[in-house]
Amino acid sequence: MKKLLFPLPVFGLFTLWPNLSYANDLDLIQNNLNTIWIVAAAGLVFFMQAGFALLEAGSSRAKNSVNVMMKNYTDVCIGSIAFWAIGYGLMFGMNSTGFFGENHFFIKLTEDVDLGFVLFQTMFAATAATICSGALAERTQFRGYIIASIIIIGFIYPVFGSWVWGGAHGGTPWLAQMGFVDFAGSTVVHSIGAWCALAGIMIVGSRTGRFDPNTGEAREIPGHNLTLVALGGFILWLGWFGFNGGSTLAGDESVGPILLNTHLAATAGAGAIILRSTFGNPPLLLSDTVNGSLAGLVGITAGCASMEPLYALITGFVSGWVYLFAKSLMLQFKLDDVVNAVAVHGFAGAWGTLAAGLFYMGDMFNEQRILVQCLGITVAFLWAFLLSFLTYGIVSLFIGLRTDSLHEQRGLDATEHAEIGYPEFHEHATYTANYQNTESTIQLGKTG
Amino acid sequence: MKKLLFPLPVFGLFTLWPNLSYANDLDLIQNNLNTIWIVAAAGLVFFMQAGFALLEAGSSRAKNSVNVMMKNYTDVCIGSIAFWAIGYGLMFGMNSTGFFGENHFFIKLTEDVDLGFVLFQTMFAATAATICSGALAERTQFRGYIIASIIIIGFIYPVFGSWVWGGAHGGTPWLAQMGFVDFAGSTVVHSIGAWCALAGIMIVGSRTGRFDPNTGEAREIPGHNLTLVALGGFILWLGWFGFNGGSTLAGDESVGPILLNTHLAATAGAGAIILRSTFGNPPLLLSDTVNGSLAGLVGITAGCASMEPLYALITGFVSGWVYLFAKSLMLQFKLDDVVNAVAVHGFAGAWGTLAAGLFYMGDMFNEQRILVQCLGITVAFLWAFLLSFLTYGIVSLFIGLRTDSLHEQRGLDATEHAEIGYPEFHEHATYTANYQNTESTIQLGKTG
Amino acid sequence: MKKLLFPLPVFGLFTLWPNLSYANDLDLIQNNLNTIWIVAAAGLVFFMQAGFALLEAGSSRAKNSVNVMMKNYTDVCIGSIAFWAIGYGLMFGMNSTGFFGENHFFIKLTEDVDLGFVLFQTMFAATAATICSGALAERTQFRGYIIASIIIIGFIYPVFGSWVWGGAHGGTPWLAQMGFVDFAGSTVVHSIGAWCALAGIMIVGSRTGRFDPNTGEAREIPGHNLTLVALGGFILWLGWFGFNGGSTLAGDESVGPILLNTHLAATAGAGAIILRSTFGNPPLLLSDTVNGSLAGLVGITAGCASMEPLYALITGFVSGWVYLFAKSLMLQFKLDDVVNAVAVHGFAGAWGTLAAGLFYMGDMFNEQRILVQCLGITVAFLWAFLLSFLTYGIVSLFIGLRTDSLHEQRGLDATEHAEIGYPEFHEHATYTANYQNTESTIQLGKTG
């Protein structure tokens, strides 16, 4: 780490075509700036994992907090390796059919691949998978969950991604060619993750006690730490600056308007919840407010680079309402989504993708554009929902997905990890401490 | 998000005046770098909201933790919209009188406004407002608080700001013209926020039980989570690198010394507290140490770009002592500031603004300069204190500001939000759970 | 903070040697970019302090959480001042002997020193010292700990550093000259810190009850908040992007591969723990998984700039196993390391330094290179262990290091700080509340 000399060479002092060399030198510096911005953005997107983990753990009961954190932590670990090995190639490799990439698997330094871009995309893939962990919290086996995650990160997500963002190494992604607009992934990342979560929710079923066994009415299961939920919200919001801002893939002035739009949509999404409580009846819940801001962020992700700030506000505001609507819709169908991930990422993502078409700057309300957006939204739903339904179904049948009801009651921390989150505070401390001192007989892969 | 081609055009290969074009191309890259730095800094300043929220929630009792988080979350949401709509124009618009801006309200992409700069300034405005939330925690109604916040962000803060930093779109801010030095806002942001908090404290009164009803002696009300207080301190410290570093508005080498000064002042502020406990009597409190570092950061904010590191250390060290003095002064006047925000942001901010004059590099102890700094400090106090006194007073009379004493006793989480922070751990869990299952009858806007 | 004019001068429009000036202008912009990257990286490395603090506090019992947070907070404060005053000069000053630097103490703006670089290096120094705080948690006196920290940051760390990274201001560091490769400090930072921690552990002894007094068997003392442990892990992982990425000292394209390697090694380190639990017997512990990822990060720190991604994965994967081995080795020797810092930072650091030699790109398994790596590893151990053993020994004899056993039982929060972390939740709340209301008679510097 000795202070390096400035790496640019002699700057064409002696070249015959100084202007050409000068263009190359400028290129070099701008490329350096692009790299710095994209890796900084990758760091922010990585940090979103911490935000998701806190949001989800705080929204779960204390007896499952270790399990939730571990699912998020493991997602990144196993998922990143899967994406480096297979996902990146499937998504961005030479895309001659328009339907999947064909090269750049197990990436090496010597390949013609921008590794900062790989890092950034790896974090995106991990985000898509992590969306499921919150939805399925508190009743899903660790091993089955992780295996499904690998398939989402390594196959379901990158293949759909190759239809929209593919072709980095040649070829023409079919949806992109039709003019589908999804700048940073309202559909490509968030909806895909959420539709996978929806399939998982259907297969794994709702938590014991979530719906009254007689009346079927939903009963609240409050999360154990709302302070951490809010902290998770703040971290996700911050991470989104990398998510949307880094999707320029270039460190240039376009990042300013993109991030202002991103920020305003988040404020408007939460604003919808706050207004509703101020002028209406319901109490102002922290969980809804945080989710409202996240819905706004999901919503603006598709159109943040092609919208006026005023429309970003509208997109975010409507996202807040879409969230509220989708949340109650899910409950009507007796679907138990611990953190309302499907409402936030799926429904608000679909709305945001539509909004990107509706409010496209300089060409608003173009029917053709709107139709293409609807096509993309539909295709994403069909692809992700069907394939993940199959995935979770197979995992459930052959490996196990739903945890044993005794384990669910005790909490997954004790049975999956032989560890509990807050041993000094929780009433469960006494009996789980035994697990720790004696060798636990209920172990990973042996549950259920 | 397909990898974009490098956006610079042909680099003047065929221009007639290559040097001129070359200057333009360089300009373009440096401007790109400026944008990247300012939006990254904006992200850091945004993250300060999480730091404030944790510091304040951790310093409050558990029964008010949701409420504290919500106030911080809502500040950003509502405040950012207010600043985009009105605040920015008032602060930075064409400033023909020197006393307020006149254009660039409800900002559009097509205006000649740097939207990265708008984002950065939005985060500053939110910071000023958020300072109040900690000071007024645990006994202030949500609705009244938020309305006052909007007035602070949309009017009180930007108008004063226009006197010092205004004129971005033409015109001459009157205080700046006199030579007032406040690089990143010891006065413009921190003191303004703190004097508003002081007015709020006076109007809303102290928490029940904070002072002995007979003797008037102060009684400690310990915060419920000191781990989160320290985490909040770390996050704020990190965020300050964006706060002071981004205030260059340019990605250049001046950021190095600015941030070294910033860091050293923070260490010295905490160092003052640590030294006092090492050589003196009092126990070394975490809360005081964190506040000492924040006082150091507030103190160096004005002069970080125009001071030797040694004087940054001195500025920070004195800030720590100023904090201790101001904290006990507040208690003598029976002013109940939950997080000592007035001491940290108000008093240390005033000292720091003075220090920026005293230790101005190459022109130290210039009497004229010191007088101007004192003038700015005084004007800030008068403007912010009087206007916010009026604001909080009107809100208190017509909307309601102090919460009902029954609600204060139960905690604002249950009565304002029908939600509690830690339902599995807290003794309050039992009765508040009822609120959640039955429809709460005490709701937002109906308290007090 | 008025929008500054673009600071580049006239761009050589009128110079006689336009190409030369043009090289200067390009230099200027690239240097600006370097500064921005290095200060951003410094911010990330600073944030690692929060990560360490959370990891360590969460792994300790609640009664010591304030003390752990305070040790981390104070480390940065006192340590940064020590590094600015003495450490930087010793490490990077003119190094005529190859064994220590001789100038640039008490750094001024007017010196020929890059202050962004100073800031970055200050954060590194603080990292080295903070590694000890976790290892020695729950039974070490505050004052003694801090004094030892100052000696580590101000002398032990920078002197060794000057052998590898020194010579920024002239001279030739002897280990670097032999070809020792340690890009970002597997040895220079992490192992040095860990060997200091090892010496401290030996001198301060294990926590009461950690080993069965009769059988000598190790007994688990579970940490009080695993959610915060995982959050700490996420923050450290993020911070490492600054740690390794910033060590280029230049904002250029090399950061991409460096950070991809860094990320992959972290995932593989955790992956080792996960695989072991999936195919083997032991339950999947959150603490081990987090430590596995950190071991991977420590391991790749030396070679992240000179390795293929595949070897980064291997380096990280082996780091996970090295961690597990070293953890049980420590227990066999009855060494009580609260967060397993020696296993993570010391052993995985040594392995990583070796791996940097083994897998050196384009020159793998070069015997000469491997020998030099082994020499550096050995020298680091001898220097850090012996000097810190002496330091902790002297502190223990003359100032006091081990806390009184009554205080250990009560928790250091009450006795060192007269403050407790969670007054509303903890059973200790009642009696420690007395400390707070009556004047505490057990104070900092008077314990033991």
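Here the chain labels run A, B and C in written order, and each chain numbers its own residues starting at 1.
Operating definition for what follows: contacts are C-beta pairs under 8 Å (C-beta built on N, C-alpha and C of every residue); 3 or more make two chains touch, one makes a residue touch a chain.
Quick caveat: nothing in here was measured; it's all calculated off a predicted structure.
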Since subunit B and subunit C are copies that touch, just let me know if over half of their interface numbering is common to both, same, or not, different. different
Tell me the angle, as a multiple of 5 degrees, of the rotation that maps subunit A onto subunit B over the C-alpha atoms. 120
Counting in whole Å, what is the centre-to-centre distance of subunit B and subunit C, each centre being its mean C-alpha position? 31
Hunt down the residues of subunit B that sit against at least two other chains at once, touch-wise. 22, 26, 29, 31, 33, 36, 40, 114, 117, 225, 422, 425
Report the residues of subunit C in contact with subunit A in the complex, numbered from low to high. 19-20, 22-23, 26-27, 29-31, 33-34, 36-37, 40, 44, 61-62, 114, 117, 165, 167-168, 176, 183-185, 219-220, 222-227, 230-231, 233-235, 237-238, 241-242, 245, 247-253, 255-257, 259-260, 263-264, 266-268, 270-271, 274, 277-278, 281-287, 289-290, 293, 308-310, 313, 361, 422, 425-426
Listed in rising order, the residues of subunit A that touch subunit C in the complex are 1-4, 6-8, 10-13, 18, 22, 25-26, 29, 31-33, 35-36, 38-40, 42-43, 46-47, 49-50, 53-54, 57, 65-66, 69-70, 72-74, 76-78, 80-81, 84, 106-109, 114-119, 122, 142-143, 146, 225, 228, 416-425, 433, 436-437, 440, 443-445
